[in-house]
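What follows is a set of structures for review.
The two complexes that follow have chain A in common; it is paired with chain B in the first and with chain C in the second.
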Partner chain A sequence: MTVLVRSWDTLAESVQGTGKRQNQDWYAFAGTGSGADPLVLAVADGHGSAAHARSALGARFAVDRFVALATEFGRAAGSCDEPGRLARLMNYARNDFPRALVQAWRQEALGHWSRHRPVADLGRPEPDADEKLTLYGTTLIGAVVTPWLLTAWQVGDGDLAVVGHDGSVGRPLAPAEEDLGDETESLCGPQAWRAVRTHWAPVFEEARIPRLVVLSTDGLSKSFASGDGFTEFVEGMDGRLATEGFEGVRTALPDWLRHASRYSGDDTTLAAALLHSYAARPPTETEPKTDTRTDTHTHTDSEN
Partner chain B sequence: MSGMTGMLDSGTRLTADTGEEVQVVDMLGAGGQGEVYRVKTSAGEKALKWYYPTCATAEQEGIVRELVSRDFDDDRFLWPEAYVPWHRGSFGYLMGLRPERFKGLPALFRRQLRTSTRALLTACLYTVEAYQALHSRGIAYRDISWGNVFFDPDTGDILVCDNDNAVVEGDASGISGTMEFMAPELVRGEPGARPGTQSDLHSLAVLLFMFLMNHHPLKGRRELAIHCLDEAAERKLYGKNPLFVFDPADDSNEPDPMEHATVLATWDASAGALQELFRRGFTAGLHDPAVRVRESEWRDALRAVRDAVVECASCGRQNMTEPDGHQQSAPRPCWGCGERLVLPPRLTVTTPPPRTERHIRLPRAARLHAHHLLAEPARHDYSDASLVAELVEHPTKPGRFGIANRTRENWTGTRSDGTSQQIGPGQTVPLRAGLELDLGGGARAVVRAK
Partner chain C sequence: MSDIPGGPMANRPVHFIWLLDCSYSMQGEKIARLNYAIRESVPEMRSVAHDNPAAQLLLRTVTFSTTAKWHHQTPVPVDDFTWQDVEVDGMTNLGEALSLVSRELQSPPMPQRALKPVLALVSDGVPTDDWKAGLKAVDATPWGRKAVRVAIAIGHDADRSVLQEFLANPELQPLDANSPKQLAAAIRWASTAAVKAASQPVAGSADPLVKQPFAPPVLDDDDEDDVW
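Moving on, here comes the complex of A and B:
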């Protein structure tokens, strides 16, 4: 029996919406997917209107806090030998993680507010915490991958797609009914942890590990005419990975996102992880890659 | 939820050890021990629990086989019905499918359900009776947690699922992975401490607190300092140094006004009769299993508080008030709108011997059920099937109420002036203070203004 050393290739890109002064999306990825160094991906979409004037920062805080907490969670997942440990982890993922995440984000946003009080507020009574947090309002989608576990969380809109070992595309965090209103759930909402959706998917069989995980802000899904557009996009991406390989997709991605952003008018961000052994499969014989990135990678275009 | 692939593919065929053919339809969910699938059998659709390989131990197999052999027939439980033998590194069991109307506690916590105070109190009472039924059969549940109990937000009906950790009392095999519901002595791993009825009583109190307060009783300020899955810190919180968030003698774990706003509000809105029991269970009861609140105590308090729920005249929300026999301070303000509550008249029922009094507040549409007329009802039932009487409004004179006889027997009503009348099935007697009712079978009732 061959012992496979799995690794993941990651790619991410963010495109500023046409006519927008600043890209209010943020993303990051970190880790390799090993037990000690879990793979973490996150995208966030700051709400962007005047009421949420600091949402680009809010998105960044959300991604940063998520990467830290999810990395900790992934490491704690460690080995899965003790049966009781699994139940404990699941309980944490579903019930405690959302509260910890919201708490950490609030702390960071409130800390930033007190260091950077709006000039216009001088002399006025201090706003309450909820008003301050509204300035930083953002969505978040994040996933963590360990050798035997995929867990993902989402608050607000945007999409998570998981391409299974058999090529089936699932959207495990899609709400039961599409939210048609403009009101999106947000990390700044009261009791925001209640709005966090969780996907818990242990995978104990090597052959059943998903081959592609895609996270995107709603700038992508909104660009499609039909509701299935996003799923078709992911199917297409999976197909291109098989025919053109990882580098081919990485090269093409910015154009795809720019195209989508022209239709949606919105900032458009995508982060994806591709199971390395899948990418290395025939038809093209490729050198086995050793992706040992451990640093957190984030985009920087909104800083300029 | 779409797009979940698990250990078993759709279409997989398995055979239960009863010989029953099973075909996998789709995956319903993933849990802490395994996955649950919808399957087709000759007896219709069922649920198949399939263990993760790491949980598919010989010990677990033993527990499942033992539970199946018990042939436990109780509509409040989804019990393992048939063992499904090994296939590709694991095994499982068949059970009934959970009907759609039953929802989990996480959905309640997330305010995704429309429910009511009465429904929640009913769910708590039914939960207590369900576990009592298990204990009376010598089965320790061991794994009471919010993942196992489902309830109907309209009626309060409950369904206990994933009963694959229940064992015969005294059996020390395996324990649950989550500490939140574990008795402190088990978290501490004290020599001689074993999961059993005494430790279940702690778990039950935690579950009831979570139902009614939507929060964990030991998660106050101290939990805010705990980082991700810090086992040592959790052992301290739940085992070594547990402290109730409303401990009257020590406020060092009190709720944080921002992070724990929910429990501050729900505790404030709950009846003193329940607060008293929670206080005992989570102060002295944390350290001395013998003083934990017994199921019969929960049952008595919950039914009394449920009978004292009244609607706010201003906003219509259901409020708990103190049941009779508990200190009745001036009526509190409504938890929803803040208006002062107005207490409606009360019906005092005296059961046949051993005579016991029940006090039922009579807000609009109040209902009297068969169990109200029994001193020791085997089980409480608030469904239409057990309806004995209800308060109805006069069809042409709004604001005038009467008590309608929903039984097949005649009642006798005696007014305060001594005159009496017969109230036949379907008939209504005007609601007046001092009205006495002979409800048949030795049960009597009297209407009181306050």
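Moving on, here comes the complex of A and C:
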């Protein structure tokens, strides 16, 4: 029996946007962060308007498919000391993974459509695949972490921040220029794999592994008056983890997201992973943990 | 009061700009009905704005006749907006009005952090200046290209092809207002549906389908004696 030691502590929260009938965000995380059991985090933001009436499901499909594929990818990265393997993995991450992800999401969404045809469409010509997929439109951000590798992917808006071992905050998947208005790339777009952005970051020295990874839907970053607000938020969150500890931030997070949602008007979701050795350090005295489970956590909004 | 890190928060502005034809052909009942319709639409705009608390609705008006000028130059929050009647005067210099608006759609003065602006054009005639140059100036601005556009054609003499080109989307049609009743309905629709559309997320900006985020209303067949 393999005993899996939890390397990361995770927290996540999702709040429904003001005036919205349903939360169309979804998130999940799985794994411990070991080579055999990579840590996977994902958040997705269903577009939510009438044209994307099933986007809450689309977001869930995106997260579910990502967790499955990224877990497989992370396990394959478990033995990247083999000559040439790292280069092959990088090539896969940048070129094949986005195609596999988009294909898996499309299959799941189209399968759902076939099983749940809109009653109003009965008797009408069957819509083409792109029209069906538009109903499920969603963004996605996901990351996989092993002791030797951090890889992340993003399609559409939302934010990924990585706090390095030295406390520096990076947003490696941020576009050079933010989209104006509320337009976003989407998994339902034509050739969506071309819109997937990839962050590839091997860890060559254990001491240099990032200490905090934060994924968020755009409801958070769009609530700040300044374009730098999200980066400052992550810097502040990192500081609060140092002063108030993991549980302090976990307790405060729902209120933070509700507050942000009042300004952005959007569903707002955050998932984060904190290196356990960092989380457990003073001044917050937490019990050292050894966890033998491999959990998959998701938020509990009811499914359509 | 939340202690969330990251600095101050703010909702995002939606800039709504009326472009109103005030040429002589609008004289009489048309301009009177237009003033009445816009004044009557303000409470409904406030209601839409209150339903979208994350959006801050700001209004401006440009009139065009022999010259184009700002009727409200400074963006006015919808709660503070009061309508002062516009008056007719001369030609139909739409191009000048579009050029005037294009300067406001640059960033700055438009903030990067905003929802899509709304451009609502109302006209009853044929432009008398180089309107294509004005439209090109609007299309050359990032926010101009993103703007939600609506066009209302008053009466049968309105040049629908110009309004169609302004809309820049074959999926959209100018809305015909051939009577006072239809004009009131069209103004009501433009002032509310377009604001809702501007504050909705849109996926896949290259997808022509999603460039029609709202459908124009079907106005009742006109059964009034007073038809323009």
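Just so we're on the same page, the second predicted complex is superposed on the first by the 287 of 304 C-alpha atoms of A that agree within 3 Å, B and C clash if a C-alpha of one lies under 4 Å from a C-alpha of the other, contacts with A are read in each partner's own complex, and residues count from 1 in each chain.
Basically, contacts are C-beta pairs under 8 Å (C-beta built on N, C-alpha and C of every residue); 3 or more make two chains touch, one makes a residue touch a chain.
All values derive from a computational prediction rather than experimental measurement.
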**Request:** Figure out whether A:169 sits in contact with chain B (first) or chain C (second), or with both, or with neither.
**Result:** first
**Asked** Does the superposition put A:134 against chain B (first), chain C (second), both, or neither?
**Response** second
**Asked** Counting only touches as set out at the top, which of chain B and chain C does A:36 meet: first, second, both, neither?
**Response** neither
**Message:** Taking the superposition on A as described, I'd like to know which of chain B and chain C A:103 touches: first, second, both or neither.
**Reply:** first
**Prompt:** Regarding the shared-chain residue A:49, is it in contact with chain B (first), chain C (second), both, or neither?
**Reply:** second
**Item:** Residues of chain A that lie at the interface with chain B and also at the interface with chain C
**Value:** none
**Request:** Note which residues of chain A are touching chain B in the complex, please.
**Result:** 69, 72-73, 76, 80-92, 94-95, 97, 99-100, 103, 129, 161-162, 164-166, 168-174, 176, 191, 194-195, 199-202, 204-205, 208, 210
**Touch list for chain A against partner chain C, complex** = 17-19, 47-49, 51-52, 131, 134, 137, 156, 178-186, 188-190, 222-230, 232-237, 239-240, 252, 255-256, 258-260, 262-266
**Complete:** Interface with chain A, chain B side, in the complex: residues 1-7, 30-33, 52-55, 57, 60, 106, 109-112, 145-147, 174-180, 224, 227-229, 258-259, 261-262
**Prompt:** Can you list the residues on chain C that touch chain A in the complex?
**Reply:** 2-12, 51-55, 112-116, 142-143, 146, 198-207, 209-210, 213
